[in-house]
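Next, two complexes with chain A in common: one pairs it with chain B, the other with chain C.
Take a look at the complex of A and B:
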C-alpha cells in the first residue's frame, strides 16, 4: 500500500500549529516559551503602568492594598477561614452522598417507583428554584425559633444544613447527567445477566457515571468553597465576615484582599487537580477506544 | 510544567501592589481655607445648599419616620441646628441617602457631611474626617426579661454567655475588647437579624448603644428588656461625629457651629428631648 499510513503519522507527530523550520521539537518549544514569556511581561507591564500612574492610585492603594492593614487583619481572617474550610469539607461529603441517593432514586424505572421519582424531582426543582441565602435564613432563623424538642439551635448547624440541602439538588442533576451518559447497552447487559435494577445501578452504571462527571462535581466543590461564606448572615464568624468586621471598624478594604488570597489558595489547587484528572481520563478513554 | 498565568499573575499583582509603594499612615488634613465661614465662602457640593447624608433607612430615635427633612429625631434635629448656626435656612438644606460603602470608598462624595451614628476612631480618621463629637453614648445590654442573663449584675459575669452586636458598631468592639466572651460574639448586618437570633436562642443577649437599646426594647422586641448599661474604665467613650470626605475644608466651620451649640446647651436640650427615656437604667459594674 502506498501513501501515508498510520506509521507515518506516528513518526512525524501531530500537525504543528505554526510553521517552523526543521523537525527539532526542542527548538519549537523554546521559541514558544519565549513568545509566551515576552507577551506576558509586556501585558502585565502595560496594565501595571496604567494602574499605578493613575491619579487616585495612592488613595486606592491605601484603602485596598495596605500592607499594614493586611498584617493586622490576617490573623482574624485566617481563623475565620479555617471555619470555612471545616464547613465545606463536612458539607461536601454530605452533598456527594445525598446528591447520589437522590439521583439514583430519580433513575429508577418502572411505574411502581413513580411517587419516589416525583418526590426527587419536586425536591430538585424546589430547592434549585430558591436562592441559597433564602434557604439559609429560613432554616437558620426559622427552625430554631420553633423550639422543637431535640432539634439543634446552632446557627452553624443550620447554615451547613441549608448548604447541603441546596447543593445536593444541583449535584443530583450532575449525577443524572452522568447516569444518562452511560450507554443504554450497559443497563440492558446488566439486566440480561440477572441483576436487579438496584444492583445494575449500583454495580454497573453509577461507577461509570461518576467517573464521567468528576470534573463537574469538582466544579461544584469549587463553587461551594465560596458559598460557605453565606452563613455569615446567621451571625457565624467565618473568614469573609471577619474581613467585613475589619472593614466596618477601620474603613479599610485590605481585609477583603486577605480573604480573597485565602480563598484562591484553596480553589486554584482544586482547579488544577480537575485539569489533571480530566486529562488523565481523556487519555485513558482514547487508549480504550483505539 | 504549565504555569497558569491568569490566576498566579492576579495574586502576584495583588500582593505586589500591597508590598510596593509605601502607604503612609500619617495624613495631613488639608488646612481649612483662610476665608471665613460665610455661606458664599464655603466649598460645598452644591453652591448655596448644604447637602447632608444619612443612611437608608434611618432609624428612630435618630430620625423619626425615616424622614430627616421633618427635623424630628435626634440626628435630624442636630443637623438642622448646625445648618442654622452656619447660616443656612431650612430650605437651603437637602438630604441624600448613602450606603456604608458610599461613605468609606475612595473618590468624591455627593454630600457635604454624613451623620449616621458614626463613632470617631483613629483608624477611620485615616480615611475620612470627623467633626468634634455631637453626642457621647454608653453601651447597653438587651435580653429577654426573665432569662438567666437578665439577672447578671457585673460585666465580668457576661463572659460566659453568647452575645451579639451589629457589625461595625462600638458595641461589638466593647464585647471583643472589654467583655472578651469565651465564645466568639455573633455579628449581624441588621437589627432584624439580631432580633431573629435572639428569638431563635442563638444568642443570650445583644449589645447596643443606649438610645438604640431603648428603641429596640420599646418597639422591635417588646419582650426584651435593658438589663443594664455597660461601663468599663478601659473602654473609650463612644463619641459620635459628623463624617466628611478627607480634606474637606468645611470641618472647621462646622466645628465652630457645634462649639456654639454645645456652649449654649442646645445639644444637651436636643439629647434630652429625643434620647432621654423614663426610668433609671442600672449600670453593670465592671
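Take a look at the complex of A and C:
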C-alpha cells in the first residue's frame, strides 16, 4: 500500500507538467509551449505507430482492448465501482476524523497523558507495520467467523473498517507532521491567554497544522481511492470484483481495463488538483514570508 | 502595606543543566511598573515566562497576590487568566482576524458570548487606534500594529498584571514609538507591569523601579534615577556604559 507519508509533507512542490507560464516572458512561454506540443505529438505518434503496427498488437487488442467486451462488461463494473466510491467517501470521512483525534492525543504533553500517548503510538506503530491486505483478511474473514452476538458479519462492513483502521494511522502521522510544523510560540501564546492544552490545539495549532498538510492529505485521498478495491478479496462485489467475475466467465481482460478507466477517471483529476493546490499553497506562503 | 502583586523568591531555572536563573528575588507591587534590564542571555525572557507559568521553575517560589502559584497543586490555566504576556515576536494567530485574535480568550476561557467579546475587543481597538483593522489578518498589518494587537489580546482577558517581553526588539525603529506609547497609556491607567526591555530611555521614563538582571540574579534594583545615574555595582555601570557607547541612552 502506498499511504501518505512524511515525504509527501516535506515535498516542496509538484513537478511542473507544462513548461512556460510563470515568470517567463510571454514570447519565451509561447516558444516553450510550441516545443512541448511538437515533441509530445512526435513522441505519441512514434510510440503509437510502433505499437499499432506490431505483429502482436491484434492479440493484445483482443485480450485487453476489445470494444465488444468493454461494452458488455462496463455496466456491471460501473455499478461495482459505485460501491467503491461509496466506500471511499464513508472511509475518508472517518479516516480524517479518527486520524486527527489520534494525532491530537499524541500531541498532548505532561505525565498525566502518558498512557493515552503510549496507546496512540502503539496503535500507529502496530498498524503501519502490517500489510493492509492482511488487516482486511483478518478483520473481514476473522471477525465474522467468531460469530459474536451483536457484531456485524458483513464483509463490506469489516473491509471498510480495516481500511479506516489502517489509513487513520497513516493520516495521524500526516497530521502530526503538521502539528509539529506550527511554531512552539503559537502554543505558548495560546496557553498564555488561559486556553487549556486541548483548546490550544483545537483553536490555534490544528487549524494551522491542517492547512500545512492539505497536499499530503489529498495524496492520501488518491491512495485510498484505489485501495478500496482491496476489499474484493472478501468477495465484496465492487468494481474490481465485477471485472474479475467477467474475466472468469470470458477469459478476456478488457473488463479489468474498464475498471482501470473508472479508477483513473477519479484519481487523475484528484492528483492534478493536489498538484495545483500544492503549488498555490507554496506560492502563498512565499508571498507571506516575503 | 498590601501584598506584592507578584513576588519571586529565590527562583532557580536551568535548561538542560545550564542555569539561567540562579536565585531571583523580585517583587512588583500593585500599580507599579518594574523594568528588568540586563545583557542578552541574562534570563529576562525566561523570568517572565516563569511568572506566567509557561516555563516550570526548578526551585524557589512565585506568588501572585500573596498566594504561591508555582506549586504543582495550582492550575496554571487559572493563573494565566489573571495575567497577560506580550512577546518579542508578537505571536498573533495568523489564521485569525484581528478581532478573532482578541476575542478568542474571552470567548473560550471566560465564556463570553461572541457579541460581548466583540464589544470589548472593539472598545480596546478604538482605544489603541486600530478600529479600522478589526477584520484584517495579521500578515496585513505592520509590526507595530501587530504588537499593539498582541497587547490588546492580552488586555482583553482583563489581567491584573501585564508581562512585556522585549516587545519592541523586533520592530523597525520608526514603529517603536507607537508601541511604547500604548504601554505608557497602560501605565497611566494604573496597570501593574513587569517589563523586560532594551529600551533604556523608555525604562527610565516609564519604570517606577528598575532591576538589573545579570547572569541569572538581580544584582541591584531601585528607582530609575539612581540605577541610571549612580549604580552601586560595577557590572551595572559597565552594562550601562556599553548601552551609552552604542548610542542607545
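In the analysis below, the second predicted complex is superposed on the first by the 264 of 290 C-alpha atoms of A that agree within 3 Å, B and C clash if a C-alpha of one lies under 4 Å from a C-alpha of the other, contacts with A are read in each partner's own complex, and residues count from 1 in each chain.
FYI, a residue touches a chain if its C-beta (ideal position, glycine included) is under 8 Å from a C-beta of that chain, and two chains touch if they have at least 3 such contacts.
A quick note: this is a predicted structure, and the numbers were derived from the prediction, not measured.
When both complexes are overlaid on chain A, the residue A:56 reaches chain B alone and has no touch with chain C.
Contact with neither chain B nor chain C is seen for A:165 once the two complexes are overlaid on the shared chain.
Shared-chain residue A:196: touches chain C; no touch with chain B.
Contacts of A:120 after superposition on the shared chain: neither chain B nor chain C is touched. Touch criterion met: A:207 reaches chain C, while chain B stays clear of it. In the superposed pair of complexes, A:234 makes contact with chain B only, with no contact to chain C. Of the two partners chain B and chain C, more chain A residues are in touch with B.
In the superposed model, A:186 makes contact with chain C only, not with chain B. Under the contact criterion defined above, no residue of chain A touches both chain B in one complex and chain C in the other. On chain B, the positions that touch chain A within their shared complex are 4-5, 7, 9-11, 13-15, 17-19, 21, 23-25, 100, 104-107, 121, 123-124, 126-128, 164, 167-168, 172-173, 184-189, 193-194, 196-197, 199-203.
Here chain A touches chain C in the complex through residues 185-186, 188-196, 199, 203-204, 207-208, 211, 288, going by the rule given at the top. Listed in rising order, the residues of chain C touching chain A in the complex are 49, 52, 54, 76-78, 80-81, 84-85, 87, 89, 91-95, 104-105, 108-109, 139, 153-154, 156-157. By the touch rule above, chain A contacts chain B in their complex via residues 40, 44, 48, 52, 56, 58-63, 65-68, 70, 140-141, 144-145, 147, 153-155, 232-237, 241, 244-245, 247-254, 257, 260-261, 264, 268, 271-272.
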